[in-house]
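Below: one structure, written as structure tokens.
Should a chain be cited, it is by its letter among A, B and C, assigned in written order, with residues numbered from 1 in that chain.
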Amino acid sequence: MLQELFSPSVQHSLDIAGIFVFAISGALLAVRKNFDVFGSAVLAEVTALGGGVFRDLIIGAVPPAAFTDLGYFLTPLIAGALVFFLHPHVERLQTGVNIFDAAGLGLFCVAGTTKAYSYGLGLTASAALGVATAVGGGVVRDVVANEVPSLVRWDRDLYAVPAVVGATMVALCIRYEVLGTATGLLAVATALLLRLLAMRYHWRAPRAWNRRSAVVEAEE
Amino acid sequence: MLQELFSPSVQHSLDIAGIFVFAISGALLAVRKNFDVFGSAVLAEVTALGGGVFRDLIIGAVPPAAFTDLGYFLTPLIAGALVFFLHPHVERLQTGVNIFDAAGLGLFCVAGTTKAYSYGLGLTASAALGVATAVGGGVVRDVVANEVPSLVRWDRDLYAVPAVVGATMVALCIRYEVLGTATGLLAVATALLLRLLAMRYHWRAPRAWNRRSAVVEAEE
Amino acid sequence: MLQELFSPSVQHSLDIAGIFVFAISGALLAVRKNFDVFGSAVLAEVTALGGGVFRDLIIGAVPPAAFTDLGYFLTPLIAGALVFFLHPHVERLQTGVNIFDAAGLGLFCVAGTTKAYSYGLGLTASAALGVATAVGGGVVRDVVANEVPSLVRWDRDLYAVPAVVGATMVALCIRYEVLGTATGLLAVATALLLRLLAMRYHWRAPRAWNRRSAVVEAEE
């Protein structure tokens, strides 16, 4: 029941949409790093599916959904092909990509939390896995591309926080037994909105105290 | 039945051979990166076993074969020791290493696809896992060594494509119920041959359109 | 029985202590790399829990202990917060951190080996997983931070060897049926002492033969 926040076909469409936009971000990084077409496909796949595969391995849902649903596997390849042939247009559409990516973040943190809980994990662990589902693919993407993950860089707009808020909202809804389509959508919308605001106003997280010293600035 | 393309002892010998040559490539990178002897052992292990461990985790075959068969674990250590003491000779034998590595690629993409299918995955997912088995160890090797994975670099000869072709041949053979020792070996040989030809003629994959611009070349 | 080298509450306290000091090392690297507060939390979590999660996935103990015991999850966040607000003091306490980290290394290689064996793995594989439990978190930390893992760098004091010795002692104790609290503690103490001596006297592992050539030195 918990996993059925939305009807199965709606849920599946939302999953595919989230996978698609995450794959776009992977393929775009591949183009920027000058990878070949297979590198683009690889980066699109790991970005789109990495978070969910990690979650499924942790909760023991093997084989992971990414390997049982053909649509999950093929969608990143289509996204990779689109970027490969059209990438100047895709980059021009960066705003659109960002909005979809924010939507993917919201959807995945909510879906990840509910799936983890339905496999018997506690509320805190479920929320943590929801966040991991949402941000994990991006970390794998950056690790494979040999970059410092955007997730941990201080000079990037808040990315984890919206997912943490969304996943926490879902966990609280489960705790107080009010999780349903409306409250689930509210969590998705909150995470999405927070991410959009973070990008719009360049909200950033603080670095450690005393760290903004001359030495550090000079290093940069 | 599916896993028994070859007799168990032949299959095991082929696995060990594939693990050995992959371990050599890991240990050689460790020497080039100036790692110490334990770094060589670590890199030999993860290169040789990484792809298979990933496949086994995904299909739920735990503990993975790498942790149940002592030969799988010890072979990379022997390969690492050989490289450590003899590496100028091993590097002189680079052509031989390349041929064995190509053989490992062919064997692992075929063995990975059949094992995944025998655990109940679909044909496309099985082929994808076969490719992951063949190329995964190399990606882990490069990630641990903090390099951009060879797999995704445009300036490296085709590596994924031979594995994709071999794995696809196996999936088609399963689909049309003609998978046997002969057709299995044909898939191994095709992947091996394609990889050798790619190295011989420096076949490379295209990068994204419009990307070979002056800006990019200057960046390099 | 095997897992109960110590009483459950003592074992749990030791686990939490090991997780805490490993998290400190992750958070300190995050500060040095200038990551933001969430990056610190992420790096603290993966450093502290990475080795154990890997072991649990391999032996099929899902969900891993890190996701079922709230203390395991929260401890790294507390360590991350301490480093974030107090890091100049923590860095001044580097000697203390090093000693605790060495203790964590000893505890984790022993606990990892016994847990793997109790899940049915062979002695060699159990010892290998014990080592992986002890050093895995540090590798994940360095990979996420986009650094060459300390584990494989020749210019770092011995880190894997104490864990290998400790894990091997446990495996031998199991083999000769003398594993108990006393012998378990002896293995912990040996690994701890070896690590402390390695740091004190800068013991390092050799690199490959012929490698200390003029070319290499010039590269450095």
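By definition in this document, a contact is a pair of C-beta atoms (placed from the backbone, for glycine too) under 8 Å apart; a residue touches a chain by one contact, two chains touch by 3 or more.
Because the structure is predicted, anything quoted here is derived from the model rather than measured.
J.: Report the topology of the inter-chain touch graph, choosing from line, ring, star, complete and other.
T.: complete
J.: Would you mind working out whether chain B and chain C touch using mostly the same residue numbers, over half shared, or mostly different ones?
T.: Different residues, largely: of all residue numbers at this interface, under half are found in both copies.
J.: Using mean CA coordinates as chain centres, what's the chain B-chain C distance in Å?
T.: 29
J.: Going by the touch rule set out above, which residues of chain A reach two or more other chains?
T.: 57, 143, 146
J.: Spell out the part of chain A that touches chain C in their complex, as residue ranges.
T.: Residues 57-60, 119-122, 124-125, 128-129, 139, 143, 146-149, 151-154, 158, 160-161, 204-211, 216, 219-220 of chain A touch chain C in their complex.
J.: For the complex, which residues does chain C have touching chain A?
T.: 30-31, 33-40, 42-43, 53, 57, 62-64, 67-68, 70, 73-74, 83-85, 87-88, 143-146
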